[in-house]
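Below, each structure is written out as structure tokens.
Two complexes follow with chain A in common, the first pairing it with chain B and the second with chain C.
Moving on to the complex of A and B:
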């Protein structure tokens, strides 16, 4: 019981840290806004004096540019980390993540196809991202199953095969795309970034990510048992096939929505679940909310770096890889003797 | 209570189990013997309903296993796997409480009473001091006891064990066998695959000897465990040595439960 309350305290602290970072992020950027200005705008907003707000340029920057971007980053970070935790658990493999299972590349291919063949209509882009994300993850699963070697390492290898195939097809699409009109859009989109994000993107991914997160948290007890492996879970009465399909579909939905909004953002889905396990342990009741909060926090931190470190914005995937890869190496080397607990 | 009629199972056109007929009564301690690849594990997987049957029937309390859901099977049969570390480790008490799952509705989670019950089971097995420890960081013998505790939490009449002794030292092997025998005294049906015929001889009521997927011999220990049957099962000339002329190391007394 003691441990339970300590995990709850940790979750509360993570939540406060995220709120704190969101407030700081609102102040950062090319147009400087002080905490005092932010406070005034907040008071004006609460008192409903729209006229005052509309004449304030800081309000426009905050409301139309920074806030939707920050909230979208929070959603994407949470979605990638939640699905990373769920995938690692379902496949009983601490090395899998949306990028390694081929989902990100598949969804990326969907984005490229959507941009190329649907006149860039955002709904089509999202839909094809989801469709190809699902196809990719099932292809990975099928490949590892059909080989008869349904083990963790083979699943990673199958994911690499599927991701390579999807990336090759993306390259082919880029090669055939109109170099002036379509190509820059595809390249920029897939490199990952939040600079084009507006309220529209936020509202498009919000219901998908809330629904996916809700489903995973609803299944937290079954996920605990599932991490013992399918045979043990089945002998404990878990309908393993049903749980697996539900978790894969909703996790993939979240990753596809994230990829459609922000392009391919690597490493977050792999590294964050490990940090979360380190902080709150393996019980999904705490692990899932902790993953969501830490993922949101770290991606927001990285996005702040991406938009403030130099005059021109750096694609987010470069930052996530620069920080995520060495951090993961540290996790590997630091001798987690007790497995990945 | 457990009846198996003409059970056949094939994998990739290879027959693994052939025409197995078998009945187990309440409170029996049955050992499965046979060389590697003789079908012991497949046999146990079939009883759990993990494998699709081509032919034959498995009945538990008169109900055909095919008509039961995974949850219903788990209410009747619990499984103690070979101890192994988990990829993601849980606390011991959490591992034990997972045994209550077959009795929970889809939306239900274990109650504080379930945790108390799990603690009581650990206490009865003499390992309650492990409850807050990381499952991956305790010894192999302790892990096996925790898995037994989880099976007891499942409150089933039948317990299946697949070579539970394979990673255990001398002391823990005999401790496990004693626990299994005690469970059979408490009216549970215990069916275990074993590597060591001597353990089966010393502890179990009945033995089934499998060879290439068929029952070579089945019955009470004294009748079935002959040198001829064992030689045939393991493809090795085996002789039965009278205890007076041989030397055997065994625990001098029953295990005392830890305080």
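Moving on to the complex of A and C:
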């Protein structure tokens, strides 16, 4: 009873910290906005005159550049971490993540295909990202399954196989792409980053990530049982295969949406679930929201660096890898990634 | 009395008619005037853009854009530039103050919209790829106009110069540049009359000997305009890699390498496996000039690269041409300062 309330307090604190960071992030940026301008915006906002607001350059920077970007970063960070937690749980493997299972690479291949072979609608890009993300994760899963060796290491290896295959196909597409217009577009898109994000991306991924998040949180009890092992779960009357497939589909949907919006963002999906387990333990009722909040918080922190450290943009993956990789090494060495029996 | 009134009315009718006429004329004139203050342009992706009569505050997002602006003598209008501008020797010679400007990003990594908005530009010149259209839309939300340029062939370089000259109101300088282009084309016309069976084979190496370019690339069109054949153009378009074996099979008459070629040319020409190659035997291996700026990149200087390549490929046809004087003259036309005064060196 006591432990439960302490986890609730931790979640509340995480939530407050995220809101606080969102507000700070709104005030950070290369377009200088003074306190005075903020006050003017606030007054114009309260008086409800959109006409005045829309001619105010500080407002259009805040509303059309910073806010959609910040909210999209929050969604992507939450989505990657949530699906990372879910994957780690259903595969009972602390080493898996969207990047390691090949989902990110598969979705990236989908994005490249979408960019190459469809003109116009961004929806095709999202759809083909999802389709190939799903194909990649099932390929990894079946590869490790047909091997008969149901251990964590083999799944990681299978993921490496699938990711390499997908990345090879991406390279092939790049090789055949029109070098002047299509190729730089694909390279740029897949490198990962939030500089191109606008409200359109936010509204596209919002329903997908809310749906995926709700499905996972709805299945929190079944996910807890999974931690005991599939046999025990089956003996408790859980249809493990069905749950597994549902979790895979919805997690992959979230990762694909995140990849289609922001390219391949590495490390977040692997590291954040470990931090979350360290803070709130392994109960999914707390673990899933904690992962989402921590993922959103960390990615937002990193994207703030990416957009303000210099006048130009620094690719987000450089920052996630520079911070994520040493941190994961620390977790491995200190044995803090436990929480796994 | 009635008559008087009606007369008076007539008079006031006339008066009011004239007043209304005058007012409407003023309104019409002021409308045409403000319409004249806004000019419509079509950029090189086919987008229609309305721009003010005076474009005073400029932002460029990739190196070639900056170079076009500098050649049009509008460097002082730049308020923000792409990353690594301070490392471009030519730019630093022409407008050293560019090093102090905010840097907005690059073609490779995208641009930071906020940094662009913070310098309040009249016009942003964007790089040509699919993402640029999205960037243009985001800029428009900020009330910032942008155009996309695409100077990826000699014809399109010409088009870019004309478009930017019109937008920046630098038509006179634009004419001067176009004349310099025309002059190069006249000079290199000799090469284009070469019969197909007499055309030399010219191989272009990018960063390494095995990396080259195929069809639809700037460098290939430079080779073809010089009256030669790029053997790699038959394989595919875009960038590609080939094996040493393939190179030996092609046995090109000439090898030209990019300004950014990473391998040691001396070491390469000493390698036993290449001794059979005509180009190595005749020491016909050249690096694209110049140390001042890479001529093999799409920019106004691609024209001077064209002249250099034609002279290198068929030196016997250009014996009576004063190549150095032409280079000096070309830079003089573009930047009002000669190549060697800018610190350029002939090899």
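We adopt the following convention: the second predicted complex is superposed on the first by the 323 of 341 C-alpha atoms of A that agree within 3 Å, B and C clash if a C-alpha of one lies under 4 Å from a C-alpha of the other, contacts with A are read in each partner's own complex, and residues count from 1 in each chain.
Basically, a residue touches a chain if its C-beta (ideal position, glycine included) is under 8 Å from a C-beta of that chain, and two chains touch if they have at least 3 such contacts.
All figures in this text were calculated on a predicted structure; none of them were measured in a lab.
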Partners on chain A (chain B, chain C) - clash or fit: fit
Angle at the Cα centre of chain A, taken between the Cα centres of chain B and chain C once the superposition is applied, in steps of 10 degrees: 150
Touching partner for A:171 - first (chain B), second (chain C), both, neither: neither
Touched partner set for A:191, first chain B, second chain C, both or neither: second
First, second, both or neither for A:6, with chain B first and chain C second: neither
Which of chain B and chain C A:235 touches, first, second, both or neither: first
Nearest-approach distance, in Å, of chain C Cα atoms to those of chain B in the combined model: 40
Chain C - residues contacting chain A, complex: 80, 82-83, 102-115, 117-118, 120, 127-131, 134-135, 137-138, 141-143, 150, 152, 216-217, 236-240
Complex contact set, residues of chain A against chain C: 29-32, 57, 60-61, 64-66, 115, 175-185, 187-189, 191, 193, 195-196, 198, 307, 310-315
Complex interface listing, chain A residues touching chain B: 3, 88-89, 92-94, 152, 218, 221, 224-225, 227-228, 231-232, 234-240, 277, 281-283, 338-341
Interfacial residue positions of chain B with respect to chain A in the complex: 48, 50, 69-71, 73-75, 77-79, 81, 85-91, 94, 98-99, 101-102, 104, 107, 109-110, 132, 134, 136-137, 150, 154
